[in-house]
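For reference, the structures are reproduced in the following blocks.
Next come two complexes, and both contain subunit A; in the first it sits with subunit B, in the second with subunit C.
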Partner chain A sequence: MPRITRSQRMYDWFERRLQIEGPIKDAALHQVPRETASWWYVFGSGAFTLFLFQVVTGILLAIIYVPSAGEAWNSLNVLNHQIPLGWYLRALHGWGSNFMVAIVFIHMTQVFLFGAYKFPRELTWIFGVFLLILTLGMAFTGQVLRFDQDAYWGLGIGISMVSRVPVIGGGLVHLLLGGPIMAGTTLARFFDLHVFVIPGLLFGFAGLHIWMVLKLGINEWPMPGRLVRRATYVEEYNRLAHEDGIPFIPGAFWKDLVFSAAMVAAVAVCAWIFGPSGPGGPPDPAIIQTNPKPDFPFLWIFSILAYLPPALETPVILVAPVLAILALFAVPLVAGEGEKSWRRRPVAVLAVAFIAVAWGEFTQLGTTTPWSPHMDAWSSDSIPVRYLRTATPLARQGANVFQEKQCRNCHSIGGLGGQRGPALDSVATRMTRDQLRFKVVTGGGNMPAFGKNLSAPEIEALVAFLSTLHPANEAPAYTPSRPYVTNSPP
Partner chain B sequence: MAENDPSQPQAPTLPTADLSVLPAGAQDPRLVSRRWLFFKAGLAINALVGIGLAIPIIRFLFASWRRDSSYESWISLGPIESFPAGQTRLAVFKNPFTRPLDGITDYVACYVRHVASNQFQVFAVNCAHLGCPVRWFPQSQLFMCPCHGGVYYADGSRASGPPERGLFTYDWKIVSGELEIFAGQMPTLSNSAKLVNISIGEGKSPCRG
Partner chain C sequence: MHRRMRDWARLRTRLRTRPWMYIALRLTSPLAFAPLALLCGCNSPGYPPPPAKTPGEITSFATLYAQNCDSCHGSNGQDGPALDLANPEYLALADDATLRKFTAEGVTGTEMPAFATSAGGMLTDAQIDALVTGMRKAWSKPNAFVGAVPPPYAQAKAGDPRHGEQTYQTRCAGCHKNSPDEEITSPVYLALVSDQGLRTVIIAGRPDIGQPDWRHDAPGGKLTTPLSASDVEDVVAYLASLRTPTLPGRVQAQTSAKIPNQRTASKKRSQTLSASAAVRGAK
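The block that comes next holds the complex of A and B.
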């Protein structure tokens, strides 16, 4: 009989009371299909690891952070500049957030393309949708807790969207703000959501999500032609898991471990190299020289809101999210059986590709915001010298008008300036003097009318300048009949 | 494992109900018995206490859900001399409804346009599209929004961009040489865009502030 060591006796003492060895062994050693020990199956555990990482770094940040509208911004600066490595903890939490959102989306895409949401894992997918919404909720409320100018006005955008709800919009605004304006009670509310409510729900849903993965088994590798049928699936899966299966630990789990460690290491390196995000300027409502922009998970929404026609705004803001979430819920209920392999699901692949491209494009646009006036262009971007070298005094005066009246904020010249309106480097080839004058005075399209704000001489000078803007080898536009009307043939 | 070691005492096991010794019928958990009655009474008491507590909890949670007018009052922006005629200036006031923990966030900015001879327009800085702060450019007499490019003319009317309407305005009046506005809450489409009945002769702004 082997000698019972002291440590084993201690283990037995605890195990006799906890009785946890059995369930843990069952979970660890349950058979999973051999091909699921794949690098494609590591994103779920990676997301959960990052969530735990966020909990730990969040608790550490809360040692210093003060969730009060008057002190939050100061406490962020204390973290950044006064507490040793406070900046690093902020960076870890911020980059952990970026990675978590990204991994959650990758996990979801993988699960979708592998058909893992099909019978009997429909509820696992639906709880996963809740986890996605909660993760985005964490990202948004976390952005509010970084209580700087961007957070303040970004929250204002969110509140303005809520205000469009019919009938109860005003009440909802008061409820979210905790009062009539964005102030102390507002930040406290979002702190409560970010630190207690949403993480609590995340733990609950993630626990059930993982429980179902253990109980129902990891989705087998999809084989083209191996269809899911409610009547036979469970039996087929069990046969696959037992005849060609391996124990979950260590067979499959070692890849999860390596991936999670790699993710956390990547977060640590990114945080060290790129540092924390903000805080920007203080959340002072009286400082309006600001250019608020949401964090990357929400940039695409920011872009879409810039491009929507007015009549579609409220429906898209209020109805589209509901429809999108319902569609996600419906995926496993509508397509709960049948083909799992992406090789035989062209619509699924196209949908993912379309959403990915659209998301990427809107996010990219959100970083450059071509729809926004460049607020400083009129005073900071100079007119290229080559445009003025042969200009008449009147045209030079027109260039002054062009700068001084903020035309540059929306129109670029020489590649500098706003992109709201068209670039004007060759405007004279497109519009005659009369058309230019008419456009300046009356505006139209997306351009304000400047007739009231410019004197007649200013308009003449501006038009004189604009009509010089054409390439040397391309003649400016002109009205063919004009020379005959004015009796001065060209 | 050590479980089989005879030198170790047996693991304590939970006593399990031995249903076979009970009279037939008592095994049916649906049977109304004294114990089930007490169990249900226990549930009912908990439900009652829960409902009783839910009322104050919900009232606490929804305390800020109030009528718009309860937040608003007249507030001074200072002497009218600080707003020269023909100019539009940024003014900052302390929101009439504040709490001690607000810090700097209880200040609110607005644009005051002194049209001429004590005729004013007071605009919210919040863009009517999604609430970003618009910036005033006196040279071109335009308000421009940095977020999605909404532009307004000097009188607050829409010039271009996504907003469907002009800037939100505050009602104003002059009291003993000071410009007062009716303010108190963040202007949004839910509270500032409602149509109000305008009685003839009382030229109030069609938009509440």
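The block that comes next holds the complex of A and C.
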């Protein structure tokens, strides 16, 4: 008879009451199809690991952070500079958030392309959509809690979008802000959302999501031609899992562990190298020298809003998100059967490619904001010295006019300045002096008319400067007939 | 179920029969604390910058200059389209009150705008003081004139334009002989610069673009008899006399009462400056 140790007895005491060994063993050792133990199937567990990581770092941050409009910004600076490694904790939480959002999107793309949402995993996908919305909700409320200028104006934009909701818009704003304006109680509400409400829902939905994965089995590797049919799928899957299967632990699980560890390590390294995000300038609406931008998950929305014609604003802001979410919910209900392999689902692949390219393009535009004038370019971006080397006294005065009249805020020279209008580095090759003069005076296209804001000498000086802007090896534009009709030079 | 129990047992045996795994873990676990030590010990690249200041709190000369002056006066105070502030002779010629006044209130009739909040700009008085002391600290040199005494900064009396024209021809015209539109005697150019601006450049020069100072104002910029104070006044008076009243310097400088005059003037202006040719050219 084997000797029973004290620890064995203690284990038995607990096990007799908890009766948890069986379910854990079932979960750990359940058979999964051999092909499923793939590096492509690690993103879900990676996202969950990062969520737990966020919970831990978030709990530590909440010890110091003060969720009040008057104190939040200061408490972030205290964390950055007065608490040992406080900055690193903020950096970990911020980078953890970036990684979590990115991995959630990658996970969703992978699940979509591998047809994993099909029968019987429709509800797993639908709960996954809730998890996506909640993750983005965490990212947004987290951005608000980092209460700096970006947060302040980002919240302002979010709230004005909410206020467009018919009938209940005003009430919703009141509920979210704790009053009609962003004030002391606003941050407490967002703290509540970020720390209690959304994480609680995330835990709930993630629990159900994982429960269903365990119960229904991990999606098998999609084989082109192996179609999903409601009548036969479960039987086929079980055969696959048992005839050519391996236990989940360690067969598939070690890859999840390695990937999750790699993600946490990547967060740690990014946090160490790139540091925390902000806080930027104090969240004071009286400071107008600010150029607020949302965090990267929302940059694409920022670009779309910037380019929307006013008439389309309300439909796009209120209707498009609802349609998009409904479409995501509908995916498994509409296409719950049939082909799983992305090799035979060209529409799915094209849809992903289109969304990815559009998202990338809008995000890139959001980082450069070419629609926005650079309001400080007129006084801070110097004129490249090479453009002034041979300038006449009048052209120099023209360069002063160019800066002082804030042409630079919309037109770049030497790569510096606004991008709203065309760059003017070689404008003299495109327009003659007369055309330049006409354009400055009358404006046109996107450009305002400056005729009433400039004196005649200022216009002349400006044109004299602009007509020097051409490459050395390319002659400026001129009017060939001009010497024949007037006595002036071309 | 039986099979699963067997797998579980196999897993446990596997771990138990490989003691090297435990040894390896024991040896490498202190490494987990290495990054922590690194974080405390070194300056990591991610350590955040000091808390952001509000725009009104910035008093660093470098930042203020880069944000407000750089565009026209050039990086490092030279090679810009406007006056080179890094010219030690200019800084020796103009006193602090002058520098402060022009920075705060701008120069009427020229492109130099007012920067003080009291005059509609964005800079506090403390920031303007920081700019003035910063310029002095960065670019002033002791004994900038090497013992010579320049004409005073401010004009003492009205000059004689006729004598000024003679002086201009002998001392300035040797270099300033571009096309009619572009030489400094053009009323278009003169409409955009102040008398004090002309005077300052004649005396202190602009070393960044080769304009000599009052001692070298001669063809070729050679050392010659320095211009006297009255020579400078006369040349400025001559240049000022070339301004035409039909070419006002800046739209803002005029009061609304003058608008009817400006309309009649604009007719003449369009002939002079061939604004109508602009319309033709664009067609």
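Quick note on the criterion: the second predicted complex is superposed on the first by the 411 of 490 C-alpha atoms of A that agree within 3 Å, B and C clash if a C-alpha of one lies under 4 Å from a C-alpha of the other, contacts with A are read in each partner's own complex, and residues count from 1 in each chain.
In this text, contacts are C-beta pairs under 8 Å (C-beta built on N, C-alpha and C of every residue); 3 or more make two chains touch, one makes a residue touch a chain.
It should be emphasised that the depicted structure is a prediction, and the values quoted were computed from it without experimental measurement.
By the document's definition of touching, of the two partners only subunit C reaches A:A271; subunit B does not.
In the superposition on chain A, A:G184 contacts subunit B only, with no contact to subunit C.
By the touch criterion stated above, A:N453 is placed in contact with subunit B and with subunit C alike. In the superposed model, A:G225 makes contact with neither subunit B nor subunit C. Of the two partner chains placed around the shared chain by superposition, neither subunit B nor subunit C is touched by A:P321. When the two complexes are overlaid on their common chain A, residue A:W87 makes contact with subunit C while staying clear of subunit B.
By the document's definition of touching, both partners, subunit B and subunit C, reach A:E404.
Once chain A of one complex is fitted onto chain A of the other, the partner contacts of A:G70 are limited to subunit B, with no touch recorded for subunit C.
Judged by the touch definition given at the top, the superposed model places A:Q289 against both subunit B and subunit C. Residues common to the contacts of subunit A with subunit B and with subunit C across the two structures: 282, 284, 289, 378, 404, 452-453.
Residues of subunit A touching subunit B in their complex: 4, 8-9, 12, 16, 19, 68-71, 152-153, 156-157, 159-161, 163-165, 169-171, 173-175, 177-188, 282-286, 288-292, 302, 305-306, 308, 310, 313, 371-373, 375, 378, 404-407, 409-410, 420, 443, 445-450, 452-453. Of all the residues in subunit A, the ones that touch subunit C in their complex are 25-26, 28-29, 77, 80-81, 84-85, 87-88, 91, 148, 247, 249-250, 268, 271-276, 279-282, 284, 287, 289, 376-383, 385, 388, 391-401, 403-404, 408, 432-435, 437-439, 441, 452-461, 464-465, 479, 482, 486, 488-489. The touching residues of subunit B, when paired with subunit A in their complex, are 1-2, 5, 8, 11-12, 62, 64-66, 68, 71-72, 90, 92, 95, 97-109, 125-126, 129-135, 137, 139-142, 144-149, 151, 153-154, 159-164, 184-186, 188-191.
Partner subunit A is touched in their complex by these residues of subunit C: 4-5, 7-8, 11, 35, 39-40, 44-48, 50-55, 66-72, 74-75, 79-82, 110-113, 122, 178-179, 181-184, 186-189, 191-193, 209, 247-251, 266, 269, 273-275, 277-282.
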